[in-house]
């Protein structure tokens, strides 16, 4: 039973990762891509790890499960921070928001002098 | 304000100690499981590197001053060498003399004689060296004034 | 007692390694203490290496030291890492110790021009560690590791002054040296992939047991070209004339005197004679490479006006002699080659030290700016004269005997062509050093050098020590002494793969 | 097959070292060469269907010896990586110093030594 | 006081790490126990070292660190967070797979009532992981600039209402 649950969780997790990667390709600019990457990859990896936790605790590999649990905590803390740092860095570096963007209030306090097209860099 | 936003700083505060713990775990259990002096030492160094990234060099160098780091660097290597030389008492260089007099129980922490101690020495060396390399490369600032290029270091001491 | 001497083997690596880390700790505050300690270290290394040399002669067979007491199992599997001391290693390790002693003695005053004494000595000791390890190890991968230790510290030492040309030379040296090391590593990996062994003796056994495959030949080629770069044989010599002159003078002496031999020539002949086994084809390759280096080096040197650069080109040329003689493969040829290798270590380091002494006082390396320095710096000039006569092959000095032996060996082996080239190069060398003497030390004293003084006492002593050695080394030709020093080294190579294996396999049996 | 790929990677690195003019790119080329060798080294120790070479109480020693991958190349790779780190740090330091002195990373403009 | 908190947390994490690496260890002959004394002593030492080296690792107010009320609220918060997290993913999947990609990205400004640094950090990270939003910067400690995948309102108050309020209720209780 637990193996089936593990398998399902891991499959769903990998699927989320896949959608995240598709988003990485399809979205127009750095910020939207970061959104796709962060959300899907975080949840996908977490689901995979939860699968590992269940497998570990039910299958007698307690140490593995516990470490996976620690991994989840660590991932939830750090992944959004990394995304935030990347986005801020990109903005400060001068990467523009792409076409369908409707509003940019951040421009008021952190004006971009240089304009860099992220496709070319 | 040097360094990054409050978010990054807070998260760094939370995680640096955890990274340090994990590195220590890898070093101390290197003879039983995956890990060892080099891998653990690099992770130990990462806990300081992440502090450099978040807070900037100035803040971090207070936590681990450069002179202390340079000394620790030599001390780590010396400790390893002394461990090896002490093996002469067991008859051979590098011989595992602790193991001979106190074998310990299999799958326990103290079961491999000098190997964990050697791991600790290597970890110290690797951690401090990597920290120094990263710090020195990170704290150099290049500024161009006409034809002249100046190197300015952010170091405090 | 003497039979137990091989227990001292790891000390040859441990002492400089330990000091390499202690000296940076101390050198920050007590510079003079660092000087004294460094000199004591190298002096103790000299004592140690002489002890090892004597014990080797008394033992009469290679001593093997297994790290951590890991003996070979009964089935013949080798788990441990070993150090091997045979005649060749003993000779080389003594050379390293002597030259490094002279260099530290010299640098205790010469390095006053630079800061960061502790770091300098630290790197210096690490370089000695690398060379000693490279010489003593009996394991191919450890050979690579020690080679890299020596090489990396030498890159840093070449760049020690942090001036424009030093950095440029160091970068060139680093890139070429690094590519070479990667080649060596790749060769080692290929060997391990095919034969599953890293110990040289076992590797030799397994290589000999099968027909040469494409893989093993590829590995040999990679090792040869990689180590050839380290030894600065001619197609791969581009880095040497930049790197050697740019380093501080004691380091130039170390680099030219022993480094290119310890991690280049020694490693090549070890691999060829004791791992792969000598064949005529390999010998021919070595001879051609040697002759090329010999001729190209000396021709390029003739045209130089930079004192140290000229010496660096002569290093290439003299290394060519060594490789040519060893490539002959005859007992006399190997003996002559090793003899010349030892001589070159002494007189080339002496030449670099005197060039450094001149630079220390005059601040220039250009020959045409000097002149008449013999009046103001008599000791320097005299020791330089001794060294020049040695390298040019003037009779009472050691260089003459080794060159003569090389030429005789060539003739004896029926290689007339190579003998003629050796004679021609010898004449050209003499011409080149007559130029050095004429422009630097004799002739009219220039106005601006009227006030300079002789170099400090310690520097003078180190040069005189080497000059005396230059004369004393001629005694090695005397049969009794030769039997003690050179012949064990010759035998180590000439007995080839078989002899090397037997030395270790015998111990295997007794070690149980 | 894998060996060929590693050698190809090695050649790419070598090509980079030989043809590039930028100091940093040369260093990157060196890095690629080193990684190619390291990868080859790991592949040498690989055993199909092998297990991690860590002793486990649940597994008999004979079976462990028969199935574990060869740990020696891994130790060797670790050593090689340490050496690479040292060389890399040194080369970057020298490159930065060169930039400080010459104001350029172009190797063709850094030509004081000749002969 | 802070160091004691660090010490305790470090020790707990250490115990989790050195959980017997394989339960087969305990099983057959009973010799291997769950935690032996050696690793516990080692853990105490390492935790002490961590507390020595890192001044303020986990908290700035160690007094409330282990108050049960906070932990209760945290446990209550987790399912809410998980719900939004999964909704966020489904939304991204929908956007990614939709042929026209109906996105309307932009950066808006929101305000928060949270005071502590930890609170703001937790809020920002929660925002990043939940539907269509990504924190770009924090200014003055309480103004967040948020990149929004589908901008519903550029107005500050309204955006705050939509983005922030769903977490703020809990986070206020947790990070007092």
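What to note about this one:
Should a chain be cited, it is by its letter among A, B, C, D and E, assigned in written order, with residues numbered from 1 in that chain.
Keep this in mind: contacts are C-beta pairs under 8 Å (C-beta built on N, C-alpha and C of every residue); 3 or more make two chains touch, one makes a residue touch a chain.
The structure displayed is predicted, hence computed values, not measured ones.
Shared contact partners of subunit D and subunit E, listed by label: B.
The two chains most heavily joined by C-beta contacts are A-E. Comparing mean CA positions across the assembly, the chain most remote from subunit E is C. Among the remaining chains, C is positioned farthest from subunit A, on the basis of C-alpha centroids. Measuring from the average of all protein CA coordinates, the nearest chain centre is that of D. Computed centre separation for the pair subunit A/subunit E is 15 angstrom, with centres defined by C-alpha atoms. Centres computed as Cα averages put subunit B at a distance of 22 Å from subunit D. Centre to centre, using the average C-alpha position, subunit A and subunit C are separated by 56 Å.
Subunit A and subunit B have centres, each the mean of its CA atoms, that are 30 Å apart. Shown for subunit B are the residues that touch two or more other chains, namely 5, 7, 11, 14, 18, 32-33, 107. Across the assembly, subunit A contributes 77, 81, 84, 88 as residues in contact with two or more other chains. Listed for subunit C are no residues, as none touches two or more other chains.
Subunit B makes touch with subunit E in their complex at residues 5-7, 9-11, 13-14, 16-18, 20-22, 24-25, 28-29, 32-33, 63, 105, 107-110.
Partner subunit D is touched in their complex by these residues of subunit B: 32-34, 36, 38, 106-107, 126, 130, 133, 137, 140, 142, 144, 147-149, 151. By the touch criterion given at the top, residues 6, 9-10, 13-14, 17-18, 21, 25, 31-32, 36, 38-39, 42, 46-47, 49-50, 53-58, 117-118, 120-121, 124-125, 135, 137-138, 141 of subunit E touch subunit B in their complex. By the touch criterion given at the top, residues 4-5, 7-8, 11, 14-15, 18 of subunit B touch subunit A in their complex.
On the subunit D side of its complex with subunit C, the touching residues are 10, 14, 17, 23, 26, 30, 33-34, 37, 40-41, 44, 72-73, 76, 79-80, 83, 86-87, 90-91, 94-95, 97-98, 101-102, 110-113, 115.
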